[in-house]
Amino acid sequence: MMRMISLIIFIFSLLLFSCHAAVQDFCVADLTAPETPAGYACKKAANVTVDDFVFSGLGVAANPTGTFTKYYKSAITTAFAAQFPGVNGLGFSFARLDQEPGGVVPIHAHPGASEAILVLEGKITAGFVSSANKVYYKTLKKGDVMILPQGLLHFQVNAGSTPVQIFVTFSSANPGLQILDYSLFSNDFPSELLAATSFLDIPQIKKLKAFFGGTG
Amino acid sequence: MMRMISLIIFIFSLLLFSCHAAVQDFCVADLTAPETPAGYACKKAANVTVDDFVFSGLGVAANPTGTFTKYYKSAITTAFAAQFPGVNGLGFSFARLDQEPGGVVPIHAHPGASEAILVLEGKITAGFVSSANKVYYKTLKKGDVMILPQGLLHFQVNAGSTPVQIFVTFSSANPGLQILDYSLFSNDFPSELLAATSFLDIPQIKKLKAFFGGTG
Amino acid sequence: MMRMISLIIFIFSLLLFSCHAAVQDFCVADLTAPETPAGYACKKAANVTVDDFVFSGLGVAANPTGTFTKYYKSAITTAFAAQFPGVNGLGFSFARLDQEPGGVVPIHAHPGASEAILVLEGKITAGFVSSANKVYYKTLKKGDVMILPQGLLHFQVNAGSTPVQIFVTFSSANPGLQILDYSLFSNDFPSELLAATSFLDIPQIKKLKAFFGGTG
Amino acid sequence: MMRMISLIIFIFSLLLFSCHAAVQDFCVADLTAPETPAGYACKKAANVTVDDFVFSGLGVAANPTGTFTKYYKSAITTAFAAQFPGVNGLGFSFARLDQEPGGVVPIHAHPGASEAILVLEGKITAGFVSSANKVYYKTLKKGDVMILPQGLLHFQVNAGSTPVQIFVTFSSANPGLQILDYSLFSNDFPSELLAATSFLDIPQIKKLKAFFGGTG
Amino acid sequence: MMRMISLIIFIFSLLLFSCHAAVQDFCVADLTAPETPAGYACKKAANVTVDDFVFSGLGVAANPTGTFTKYYKSAITTAFAAQFPGVNGLGFSFARLDQEPGGVVPIHAHPGASEAILVLEGKITAGFVSSANKVYYKTLKKGDVMILPQGLLHFQVNAGSTPVQIFVTFSSANPGLQILDYSLFSNDFPSELLAATSFLDIPQIKKLKAFFGGTG
Amino acid sequence: MMRMISLIIFIFSLLLFSCHAAVQDFCVADLTAPETPAGYACKKAANVTVDDFVFSGLGVAANPTGTFTKYYKSAITTAFAAQFPGVNGLGFSFARLDQEPGGVVPIHAHPGASEAILVLEGKITAGFVSSANKVYYKTLKKGDVMILPQGLLHFQVNAGSTPVQIFVTFSSANPGLQILDYSLFSNDFPSELLAATSFLDIPQIKKLKAFFGGTG
């Protein structure tokens, strides 16, 4: 018994240092502070609760009001550091994708992360293109996981006749997202410059710029 | 047209270099080669196919034969680098957990990775203990994601009356796994030493050693 | 001589840039600023003195008043970033452990760092358990160094009849610390949940909770 | 003098250890060994010469035979780990770009590296598109350096009437390269799938596939 | 057409999240904020312009007024994070070196970065010494690239009869710089201590201290 | 009891995967395999014993035979990855320094690691020079710890009249070592080139080259 008493006293001294040291096992993002190259500054440990580690927003499909049409329902909900501050500094983040039949996630890339998709519902064809210009794609069924290595162009399309639901993991708390069409056609990228560097025809560019809201 | 021809020739020269450079966007594990601190050596790119990036083993529950009982069905299937060589070097890996009502994943830790759990079916109570000895736990419903920061002790128990299915993400291709009871009671950890360093009573230790197959 | 004159002028121009660049070879922690995933913000270089790089607190044993008993003296002094701001960002930190005969450091883990112990006085039995549930332990004499890989449960007990003094190195400026008993028995971890996830008997849990100050 | 003698003896003992330790300050790639996620295995230090650290291939423009046309001369020479084994493990690599008037480097990205371009000759318009779909571009003159952050689509076009020569730095020894048109039009990416995920019209796709050698 | 409409709506929802997430592909340094071990805090993305990614200061030689002499013209201009905030967090930075005939960059090291030099004009002899005390040096001509691994002592001297211009890349946004002579002779390093630890003769030390402005 | 039985079965299934996964918590160096930029390849886990984690070589002073003189005893014993394979991949390594009265560790740097010294016996004056050419030095007593940031020139001299014993920690398993005098005077560094880049006088260089065994 004496032994336990002395030990517990010893442990109290450990705890004491622990208290002084403000040892952080995690770094829940303080979104009001500026970012650094390693992520957001940490919220004070005393203010952290279990809810900082739980995200319920992926349990429901995105609100379809206005963002779904008859043929092409697609919606994404993200749980990156900005939505889910608990992932800050931990090296991963998440998202949910819903697609109605015919749904498409257009060609895009994540500059700072690899991606993995888990098919929760439906059938999907997903793929990526490597630096060697090889297309790796496959039709996936419920329960399949496919990985899409960092920074490479990839896509996902509903390959069935039922809705698709996908859970997405990224290997970064802040993966970035570059959708090809939006990168090219939704901004003021000058059409001549775009034609010269993409080899697309000007009429094709003009058509898509009109569509995606681009100018120039 | 001349422009395109010259460009394509230019691009061929890019490809040529690319070919010489053996540029690797990924490093699918060659499991026959020894590991390094950064992971396995890479399989030759020429031998990589789309199937190296797809894992279908998480789509089915583990075979219950012999590993499930009437009250406590629990089974895990992993997709770490050793089962899913495509994740080698990419910084994440995956697993699936199935629990019948009453199922428990006992207290454990992953020495080299943070974990995130997504509830696919059922209701689960999950939690972890921080360095400050605070227990963060919550009962999660389908669609909830909870993160369990690197190296900390944590647990998951079926909190409902229906089966639980969970998709697990780790922030490493090789997260490790240290189950508390197995660490203490399944091996030749001398009981006296264990009692001295755990403050458990010898009878408790003996009982659990008998149960988990330990000696000493 | 002309050569030297021109060179020194050149070097002054180097210094000038250096001054503008505020080149930092180190990042002494400003403990008043919030932490980031990479550590504390840096104290201004102009305010850094040699004392920021020297820590004298490990040269003396912890004050035994109240924390030592007749049979189980054990005390730890830490030099983590919070106590020794100079280690911030450098990837290591330190501690000192003193144990009277019979002293024990109970089973614990550091979620974010490997540990190395150097025996300065006495004889110690130290060990860790791997993910494969193998116990690696050995009795060490003065001058021995033993390493305890990241995140794994480990322990140290005085194996002799004289006091033990140990110098500890961690591979992180902020290694964290999770003492098993305190994680389980010093907080409000519900006893039923703990029993279910640890397989300890309720009476054992209640006894240790009473001892370590836990509730629930 | 005695002092120096003893010191030199001491230093010999340092050297001795150094010899045993096979301390490596660098890791020149052994291109015959398999890659790992951290790069190639190291050539034995004893076989390393100063020539492993020098690359002369960027001092001359690429041979134009067959790869240049009247209007669109463009050629690239790379010094990645596969061509310049000395950069293995050091975190950077290099390339040279030559462009005749009208030359274009089409839209592309490097999945694993940021890029910096230094204009050595001529006038160039370079730019990239961010995740927020903003186009950042500028016409650069000789001596300007522009950085293109990791993984983002970017381009370079000769903006003058004289040849352009550019020195390129990457923040990785193996940066990867994904040229948009080649990713889409030089392989067997099925046209229907490409149309669905790129929103390009089928005739445009067919035209470019014919041009870039694609099928499907 | 319906398809495009629905898709664009889907993409708008992506953009919306993107906006909330404040996804950062880059982290242009806010030089007014304190540094962290990972670099400076990021300037708000909304305030970033293309000019943050362009540095024109390396296009001109340093102003020779007062810093050049008849025989030893040498000047350096740096583009580290403090001068070129765009490189913050990207893992590289740059500099330009100009040398008149006879110019010398004295022995120095960069504690936190490897270096690569590209000869733009003239002929230079550059070299470094390894941990094994082997000197690797070579005379380089225009267009040659030589790498100088991290933390090792190295030097560059004009080996020709014409001016030298060199473009320098570092594998860090903040490489540091330690010039041997200035480290030893420009400060208050006590001469006796310096003699004891460098084995230089006191008169040599005194002569160089007088020259480089040192005291003690 | 049923509960425990089912659980243990569940855990056996975990162990089974663990066995297949060959989960490695550590990567003890296989010194017969080539190094990689991340360290040596791992010894097979089945062949690892507790002795791979214990190093006893720092418990004794280096053998003085031939390496000690009457006035300047100094000897170093290292426990880097090459001597202590267990540290491979763990981010630290160790050494022991012994100095008789008057002992000196001459000015040197570790290109790839920060260093920390713990004074075990005696009194020492240790210091380093920063990129800003400031000398930070202090006389340390037994029990003091001083840190010497990565890549910077530093030194240690016996400041008392009794032997000094120091325990050294490095923040890398392979820290490298560049001793200034040996870098300059023990090899074939041409004297003229050395004079030009160090500003030392030729007679001083010749004297030290004669002493340290250099040529040229």
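Note that the chains are named A, B, C, D, E and F in the order they appear, and that numbering of residues resets to 1 at the start of each chain.
Operating definition for what follows: contacts are C-beta pairs under 8 Å (C-beta built on N, C-alpha and C of every residue); 3 or more make two chains touch, one makes a residue touch a chain.
What you are looking at is a predicted structure, and each value in this text was computed from that prediction instead of being measured.
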Give me the fewest steps it takes to get from subunit A to subunit E if each step has to go to a chain it touches. 1
Quick one: which chains contact subunit A and subunit D both? B, E
Identify the chains adjacent to both subunit C and subunit D in the sense defined at the top. A, B, E, F
Tell me whether subunit B and subunit C, two copies of the same sequence, contact each other through the same residue numbers or different ones, using over half shared as the line for same. same
What is the chain whose Cα centre is as far as it gets from that of subunit E? B
Which one of the chains is farthest from subunit F, going by Cα centres? A
Chain pair showing more contacts of the two, C-F and C-E: C-F
Note: among B-D, B-C or A-D, over half of the A-E contact pairs reappear in B-D
What is the distance in Å between the mean C-alpha positions of subunit D and subunit E? 20
Subunit B and subunit F: spacing of chain centres that average the CA atoms, whole Å: 35
Mind checking the centre-to-centre distance between subunit A and subunit F? Centres are C-alpha means, answer in whole Å. 42
Subunit F residues counted as touching two or more neighbouring chains: 4, 7, 15, 18, 23-25, 36-38, 104, 106, 111-112, 127, 130-131, 133, 137, 149-152, 176-177, 179, 181-182, 186, 199, 211
How is the touch graph of the chains shaped: line, ring, star, complete or other? other
Got a list of which chains touch which? A-B, A-C, A-D, A-E, B-C, B-D, B-F, C-E, C-F, D-E, D-F, E-F
Mind listing the subunit B positions that touch subunit D in their complex? 2-15, 17-18, 20-25, 27, 30, 33, 36-42, 44, 88-89
What part of subunit E is in contact with subunit F in the complex they form? 104-107, 109-112, 125, 127, 129-131, 133-135, 137, 149-153, 155, 157, 176-184, 186-189, 193, 196-201, 204, 207-208, 211
If you look only at subunit B, which of its residues touch subunit A in the complex? 4, 7, 15, 18-19, 23-26, 45, 49-51, 53-56, 58-60, 79, 84, 86-87, 90-92, 94, 114, 116, 118, 120, 127-128, 130-133, 136-138, 140-152, 167, 169, 171, 199
Considering the complex alone, what residue numbers of subunit B touch subunit F? 34-38, 62, 66-78, 80-83, 102-104, 106, 111-112, 174-177, 179, 181-182, 186, 211-213
